[in-house]
Every structure is written in C-alpha cells, then in structure tokens.
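Each in structure tokens, the structures are laid out below.
Both complexes below contain subunit A, partnered by subunit B and then by subunit C.
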Partner chain A sequence: MISKEEITKIAGLAMLELSETEKTEYSSQLSSLLGYFKDIQSLDLAGVEPTNHALVADNVLREDTAAPSLGQKTVVAGAPATDGKSYRVPAIIETEEQP
Partner chain B sequence: MKYEAVIGLEVHVQLSTNTKIFCPCSTRYSGNEPNTSVCEVCSGQPGVLPVLNAEVLKRAVKTGLALNCSIAKRTKFDRKNYFYPDLPKGYQVSQFDMPICEKGYIVVNDGLAEGKKDKKIGITRIHMEEDAGKNVHGADGKSSFVDYNRAGVPLLEIVSEPDIRTSSEAKEYLEKLKTILKYIDVSDCNMEDGSLRCDANVSVRPAGETKLGTKVEIKNMNSFRGVQKAIDYEIERQIKVCESGSKITQETRLYDEAKAVTLTMRKKEEAFDYRYFPEPDLPPYDIAQKDIDAIRSTLPELPDAKFSRYLDEMQLSAYDASLLAGNPSLAAFFDRCAAGYKNYKAITNWLLGDISKKMNELGIDDIFDARIRPEHLLEMLALIDNGTISGKIAKTVIDEIFASGEKPAKIIEKLGLVQISDDSFILNIINEVVAENPKSISDYISGKEAAVGFLVGQIMKKTRGKANPRIVNEMLITELAKLKNA
Partner chain C sequence: MSENYIKYANYKEMPVHFKPAHEIRRMIDAKEISEAELTKMAVERASSSNGVLNAFLSISGGGAELAGGKNSFWAGIPVALKDNIVTKGIKTTAGSKILENYTPIYDATVVQKLKNAGASIIGKTNMDEFAMGSSTENSAFGVTKNPWDITRVPGGSSGGSAVAVASGSAYMALGSDTGGSIRQPAALCGVCGMKPTYGRVSRYGLIAFASSLDQIGPFTRDALDMAHALDAICGHDPKDSTSSAAPAESFSDFVKKGMDMNGVKIGIPDEYFGEGIEQGVSDRVKEAIGQFEKMGAKIVSVKLPHTKYAIPVYYLIATAEASSNLSRFDGVKYGFRAAEFKNLKDMYMKTRDEGFGAEVKRRIILGTYALSSGYYDAYYKTAQKARTKIKEDFQDAFSRADLILSPVTPAAAFKIGEKTADPLTMYMSDIFTISANLASIPALSIPCGLSGGMPVGLQLSGNYFQEGKMLAAAYEFQKRTDHHLCVAAV
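Let's look at the complex of A and B:
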C-alpha cells in the first residue's frame, strides 16, 4: 500500500499539486498498479537476463552533420513568457547569503 | 587534531563535435543570438525522437582509452529527472548503471622535476550526457531568461575516485586531464568558456581515520585556480566546523569567486531523488572490439609516454620534458623540429625561452597561431651553427619571424644581420676600443681580468651585435697580451 505521504512526495517531485481527495484516489490506484509487479516478482526468473529496453533495434546512430535549426522566432513562440529572444521564467536565486 | 581531506572531482567536458548529441543542431552558436541553434528535439517538444551522434560515441570511447578505462561491451542511456528552467524536457538524458567507460586512472606527476613520485588517481566512470541551457538573470531581479542553444550539446562526465588529498593535487589532476583531452582532440577544454567544468566533493576526517567524513559538493568554479581556492576554503571551513564540535551538513555549496568563499546552495527538498530510468527513446549500443581497436589506433602519443621519451631518449631535463609534454602544440612543434635537428637541448632552449617569451608578450597561447613554423627554427639553428649569425642576433631574427613570418635567411639579408667574422674589420674595431678605453687597458694590465668583458661589450656595441663573439674574444685577448708584454 502506498501511503498518502508517499503520494505527496511523488507529487512534489513531479511538481503536481493534488487535493486530499486526489491523494486518496491515487494512493489506491498506484497501490493496485504495484500489485501487478508483485505478481511478476513471484515468478522464478533465475537465469533470465534483465530487460532494460523494449526495442530490438540496436546501435542507431547519426552522422555528425549539421542541419538548420528552427529559428529564434519559432522557438520562443511556444514559450509561456518571452522577451522575444529567450524564455522568461521567475528569477532563479541559487545561494543563501550566509557563508 | 590533525585532519586529512578527501577529494573527488566530477569534470564535465563539452565535446567539440559539429552537432548536438541527439539532433543535428549546430554547436557553433557562440556569439549568436539566444535560441537560434534549437530544434524540436533539443527543446523537448512532444513526440520527437533523439538519435545519437556517432561522433559522440567515438569520442567517448577515445577518451576512455586515453584515460586507461575499460570500455563497456554494451551501454545505454537513462533519464535523470528534475525540474529546472534550463532543462527543457524535465529530465536530462544521461547514463546511470551502464556507462560507456569505467575503472580508469590518471597519473599525476607534475612535481616529477622536484623529485615527487607518481600517483595514480582513479577514474570511477565516464558517461555521455546532454548539456542544459543557460539561465541569464534579469536586471530587475524578478525574471531570469533561458537560452537553449547549449541544451543538447554533448558532454562527457568524468568522475574520479576520492583519491585526491590536497587542492594542489586536484589542480594537477585537472591539468593532466585537460592535457590528455587536448592531445586526443575531443574537446576545447576551456574552463573560462565553460567547455570544461569541475565540481568537487570534499570531506575531512581525522588523520589516520579510514572511514569517510560527510561530503560537501562544491560547484561554480571557473578556473583551475578557483578550484584550488574553493577546495582550500572548504577544507578549512569543515575543519572549523569539526573542531567546534558540530557536524558537517551534507549539502551543495556554490563557490563565490569574488569573495573567495563557498555558500550554501538554496536547498531543494528531495532534489537528489532523480528517479533514473532507462531512456525508452534510445536503443542500447553494443561496442564491438574491432571498433574499440580501430579507435585505439587513432590515439596519438600521450603526455606520459612523451615525457618519458623526452627524458630517456632525448636527454632533456625533467623540467623541460614536463613543460613540453604538458603542452600538446609545443610538443608537436618540438617533435617536428627534432625530426630534422639533433641538438634537442638547443630546440628546447629556444622554444621554452625566447619563443615562449615572445608568445606571452603577444598573448598567443598556441604556437601554431603564431607565424613561426618548425622550418623557421630549423633554418635559424643551422645559421647559428655555421656562424652566419650569433645567438644574440638570433633573438632579433625571432622577433622578425613573429612580425613578418619571413624566412631567417631573408630576414638576415633584409636587416643586414650577417655576423661579421672578417678579422681585419674586427681588428680595426678592437683598436678603436682599445684607444678609447685607456683605463680598462691599464686595469687589465694590472691584473683585472674583468676588464675583458667590458671591452668585448664595447666592441659588440660598435658592431651592433654583429661581430662573431668567439672571434672577438680570441682576437681581443691576443691584442691585450701584446700590450701587456710590450
């Protein structure tokens, strides 16, 4: 069972704001999801290589040759806020002032 | 109590490929407007698919081989999840549990000339990842502006073992790493431009203790000197905390270059829970032994091997050998000269003496950016050897090569620098000087040998340095002996 505290933490990591009702709801939904993995864990998988990828295509590479980019206007057109050149975001402050 | 510092370094180097790691946007955006080298892939639009740049994989393997690593037979990418405005996708494509290279080392031997011993600094791993964009802080303090030109530029993260004990050892490690990376030509390695960045993990423990102390990560250092100063400050700070009976807090601190202090970085709750998982949009990569061998065959002679060759085969001093081997361009220049001239010491003296001095004066870092070529130096050395010019005149020739790029023979002709070896001409000058300096002559006759030096100086002055000093010396002594015995 996934606790409401764990839901709050996961939501925080995903930058999601959840209501109390949603937390309760997701707590039970995620718990049942994890239940599936319990079933899988009960299988005897000795000698089976772990799968870390579903694709069979290996070694897909591209040559190091440049192609045109989108252009500044197009790039910032999708920004929620802009000065016409860059994405504008709330000020980022990185340090506390005491050494 | 005596304390010992334990230091590990995480170095990020930008690979100098033409294009970004997962898309064909150009990496040559320096000086361009923000967001002009950005496409759907590197700005993280929905539904796009990244494709790995073959050159990135090749350079990662090359770097691993040069740093004595084992290369993974199979490697994959993972997503490192966190939110920050300069990270368009909300995750960085990086490598977690199957990095491209592991278990290497760098030999730090910068102090060899002073008799210090070699020390191996282990390299835990090297992995490939994408760079983030750049935040520019607004003047009003309310906004920051994000430029994604740098987002998706290929990076190698090179993680050292906590084998480093002092700030100067850290600096030596970085210098050696930079030299090797420049030799193999994978990155520009310019810390000021951000193509080489370094974070340091620092902890202290009582001397003799084997358990590690609580580590603090320091970021934001912009020069090797900055790294050294930040580490020194942090070691001292941690020792003070320990001695006051408090505990070190595990945290990230930013180095403030202007104040030369480290400051606590605003703590982001659970910021370190990156929830890595395999990147589903990129398939794993198998590295064939034949490809590794092919890349290994492209490796140039690396600085340690060069150092030994200069020392053992060319009989250079450890100091000269380490200066040359530590500078890829200078070493290449030296090697080309040495292929055509056997007095290696003479080549070294000119390169590390007058030529380096001239480069400093002109602010030239790379000798191949100057107008002098190995052919110039070889020709000049031959002209010194056959007596056409003196070593003193050669200094003028060097100046003129730097200014005009002309050949030494032409410069000598143009400036009338040919050394005077004509006995009768020199004898005339000697007679003039003897006549003009009766005091020095009587000094000499009364036994003051030092007067000879003064007289030679006067003769050289009269001939504007063009007289052959060996002949001047011989003839002057003969003339003085005649006077003395008269």
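Let's look at the complex of A and C:
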C-alpha cells in the first residue's frame, strides 16, 4: 500500500504539485500496480547481470572539434520567457523581506 | 447495414489513395499521376476526414518547398509523422499541453532523411501524450477514432499515424514504438507496422519517452513498402550514440528478390496462445501459421518462459526512464509555463501539474518511486535483471527458429472509454508486444484477417538486425494472401 503521504513525497521529488483528488487516485492505482509488479521479486535472479544497455555498451567517442551550432538567439526563441539572449526565470535566491 | 470494410482483389482495383507506395512510385514514373496531384489529394483526404477521425494534429501543404531526392523511391509521395518527431518550423506537441506551443528549431534525423528523399510531408499525427498509452485516448488534443468503427480506439500510442495510412491519407507514416506503439495500432487498424532493431534508426529528434526502448518505425500498406521505408530512415547517426553501425543492406532489394520459405523455421511461443485471447484472434493467427506451413516453412515450438514478467519489467523500466526524460519539461526552455506561481520551485511544480495529463503524471510518479532510495533494488534493479532473462529467452528461441510468429494483441480494437478507468487493464493489452522492446529485437505486424469485423494482426519477430528476413517472409505471405487488400470503408 502506498499512502497519500508517500505519494506527496514522491510527487515532490518529481516536481509535481498534485491535487488532493489526484493523490487519492494515484495512491490506490499505484498500490494495485505495485501489488501486481511484486511478482518479479519471486524470480531467482541470483548472479544475473542487469541489462544496463539496450544492445551495445561500447563507449562512443568523437574528436573534440568545433562545428557550427544553432546560436543563442535561435535557441532561446522557443522559451516561454526570454530577453532575447537568455531564459527568464523567477529569482532563484530569495531575499528576506525587510521589516 | 453496409460493411465497414472493402476487400479488393488486387492493387490494380484499389483506388489511388489506398494503393501501396510502390504502386504509386510506378504510376509517377509512368506519368499516370503527378506528384502535385498526389499531395493535393492526400491533404484533402486528411483534412476532410479529420473532423471525424482526428488523426492529424496539423496538416501542411506537403512537399512544395522540398528539394532533392528526384530519383528516390519516396520522391513526391505523401507521408505523415507522429507528433513526437521534431520538425523544423512545424509545431511538435507530443500530444501534450506542455508542448502545445513548441515549434522545433531543427529536424529529427528521420525527417532530414525523408526530406532528402523528396517525400512530401503532409502532416503531424495524433498520439497518446508522450507516447504513453495504448489507445490514443491520452492525447491532450482529443481521441483518434478507428476508421473501421469510429466507436473503437485505433490503438496507440501512434494511433494517428496508423489511421493516416488506414484511411488512405498517407502512403507511409512514421510512429515510435516503446512497448508496441507501432505494432499494436497497425494491428487494430489493419495496416502494416514495424519496430526495427534498437539502434537501427536514429532517435535524434524523437521526443524521448524511455530511451532504452524507444525506436522509430513505419506504417505502410504492405511489407515491400515497409522495406522501402526502412531503407530511407535507417543508418548510423553521429547525433545518436546508440544508433548502430550495423551494415544495412537494401531491404527493398532483398524483399523484391523473394525468399524461399522452404525449411525456414518459424517458432511459435506456447506462452502467447494461452487463455485470455479472443477466439477470432487466435483463429486468424493459427490460419496464418497454416499458410506459412503451406509455403514450406517448418513450424517449431519455442519457449519464452519469462513472458509473464514482461509487463511489470516493462512498466518499471519505462516509467523510471520516463521520469528522468520528462524532467526537462520545467517551463524554462520551451513550451508551456504556468501563469501564476510564488517562486521558482512553485513555477516548476505548477507548470508540470498543469502541463502534463493524468497518465503521464501517473507514470512519472511510478518511475520516481521505482528509482527512489529504498525501492531501487526491489523494483528498478530487479526489473533490469529480469530484462536480462527475457533477452536470454529470445536468444535461446532464435537458436531454434529463424523467426517467431505470434498474435500482436489479445483482442481486436476495443471500445473508446472501455479501458480508461483501470491502468492495469490498459497495460495488459501490450502483453505480446513489449517483450520485443525489452529484448531490443525487431518485430512487425501485418494484417491476417478479421475478428468480429475488425482487423487482426500477425506479429513476426526476428533476431537482432534480421529485418530483411522478417520483411521478406511477411511479403511472401502477402503475395499469397489478401488480408492486406482489405481496407476500412472510408
């Protein structure tokens, strides 16, 4: 069983603000899914290597050479808030309000 | 009541919009039809049917601005793209509100390749949000309908691409397949669909869902067209470090050469014919096995004993990867940002809450849970080990058989709304397709008849990079049968 509190904690890790209705719904749905998923824990997997790579695990290297890129203006153009050169975000370091 | 489908005797009898691309290529070359006429017709069909089918999220004018590729197979042929494949200057939403205003600044490698081949891109197709779903009911932009019966789902997540081909609006459409998202809608809409070997096609410019499982592939009328589509989109790409340098023969030449089916060993996994399969599906697939036997193939029994673990393994790995991939949608770099928020963290949380739909949030939570400390070993790591066992099952099966044959889905297309209440019921509809993604092998779906008036798909899987053999066997089947000549009456 995954409690609503646990869902709230996990949602926080995933940067999701959920409504109370969503928390209740996900708590019951995830409990039933994980109940079913528990089956895999009955498998004897001693000594089995996990699949960390889909097919090949070779490292891929390339020469460190400069190539044309998109450019700053183009890259920020699709952002919801921009000054034309950078992304605009709310203040990251918050100052305490003066008394 | 008139039938919901039409069965043609051959390609010659088919109207132009339903003919396979190789027939259209011949017609263009013989000057029986012009490229401009084709694009005009495709755009008109897509536009006029969209009010009912909702297969397209955007329809463009086609290939007028495209250069090059004059001698290529796809030159001038109308094609469609799933809306999670980025297109420079054309809105790409992945079926999500969080990307409702996203206009990419570059083309995916597959789009660049199709443009180089001169294909006429007529539109972007509807899909389950971020490819998470099996019915195209999870799109932020409405449900796509099955052209065979508009009260039923087209399957998903690439439902729009399947419908684009099934309704005769495009001769080829690209989709993406993470757990069956090409093969399942192909089966449910009566067209062909293929998931190539992991790495065969570059994922550069595919909006990521689960990076170790995602693969782009085509929907077409027949197996020869699938081979032509794979010729156009495959190959190593320096921009996708997981794309393979495996040599790619000309798949279409290989298929056209024909394959002697005598002695070709086709493996039938017992685990795929258990209870819970619709009678009509089981019957059609068994008839197809009989057909392959008649063609000289040797039918052998193979075992895939870890099949029953595939759904948990898949949903744990896919959601874990998704929770990481979707962290990039934060209201800063592109797409949607919540209108009101108190501070930076609040902006992230509100943007993601308002921007993502219910299924996407459910999967992010599940994936975050499976990766969180305390549960990582019990869920994620166990799933990765079980994935190794599933891979081993297939390697063992391919030591006994050249190809594996199975149903694509346990049942034909279900009713809209039938499975939305319980996620597990929906997830179970992927039971026969997800193993190929976990094992990284290629698999395709071709029509093999009807069950209750709705199409049934037959799945052929091959070992790594054996697409040629798989496609050739599928085409040999189609040369001797007429299931692919049966189309929705639209």
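Some points to look at:
Heads up, the rule we're going with is that the second predicted complex is superposed on the first by the 88 of 99 C-alpha atoms of A that agree within 3 Å, B and C clash if a C-alpha of one lies under 4 Å from a C-alpha of the other, contacts with A are read in each partner's own complex, and residues count from 1 in each chain.
Keep in mind that, in the parts below, a residue touches a chain if its C-beta (ideal position, glycine included) is under 8 Å from a C-beta of that chain, and two chains touch if they have at least 3 such contacts.
Please read these numbers as outputs of a predicted model, since none were measured by experiment.
When the two structures are aligned on the shared chain, A:Pro80 is found in touch with subunit C, with no touch to subunit B.
In the superposed model, A:Asn52 lies in contact with both subunit B and subunit C.
In the superposition on chain A, A:Tyr26 makes contact with subunit C only, while subunit B stays out of contact range. Contact with subunit C, but none with subunit B, is seen for A:Phe37 once the two complexes are overlaid on the shared chain.
Of the two partner chains placed around the shared chain by superposition, subunit C is the only one that A:Ile2 touches, whereas subunit B remains out of contact.
In the overlay built on the shared chain, the residue A:Arg62 is in contact with subunit B and with subunit C. Touch criterion met: A:Ala11 reaches subunit C, while subunit B stays clear of it. In the superposition on the C-alpha atoms of chain A, the part of subunit A touched by subunit B in one complex and by subunit C in the other spans residues 13, 15, 52-56, 60, 62, 70, 75, 78, 81, 87, 89-92, 94.
Interface residues of subunit B facing subunit A in the complex, by the touch rule stated above, are 17-19, 24-26, 33-40, 43, 45, 51-57, 76, 81, 83, 85, 98, 135-138, 141-148, 237, 254, 256, 259, 261-266, 269-270, 273, 275, 278, 280, 282-286.
On the subunit A side of its complex with subunit C, the touching residues are 2, 6-7, 10-11, 13-19, 22, 26, 29-30, 32-34, 36-41, 43, 45, 48-56, 60, 62, 70, 74-75, 77-81, 87, 89-92, 94.
If you check the complex, the residues on subunit A that touch subunit B are 9, 12-13, 15, 52-67, 69-72, 75-76, 78, 81, 83, 85-99. Across the complex, subunit A is touched by residues 102-106, 197-199, 212-213, 238, 241-242, 244, 306, 308-309, 311-313, 315-316, 323, 327, 330-337, 341, 343-350, 352-353, 356, 358, 361-362, 364-366, 368-369, 372, 378-379, 381-389, 391, 423-424, 427, 438, 440, 464 of subunit C.
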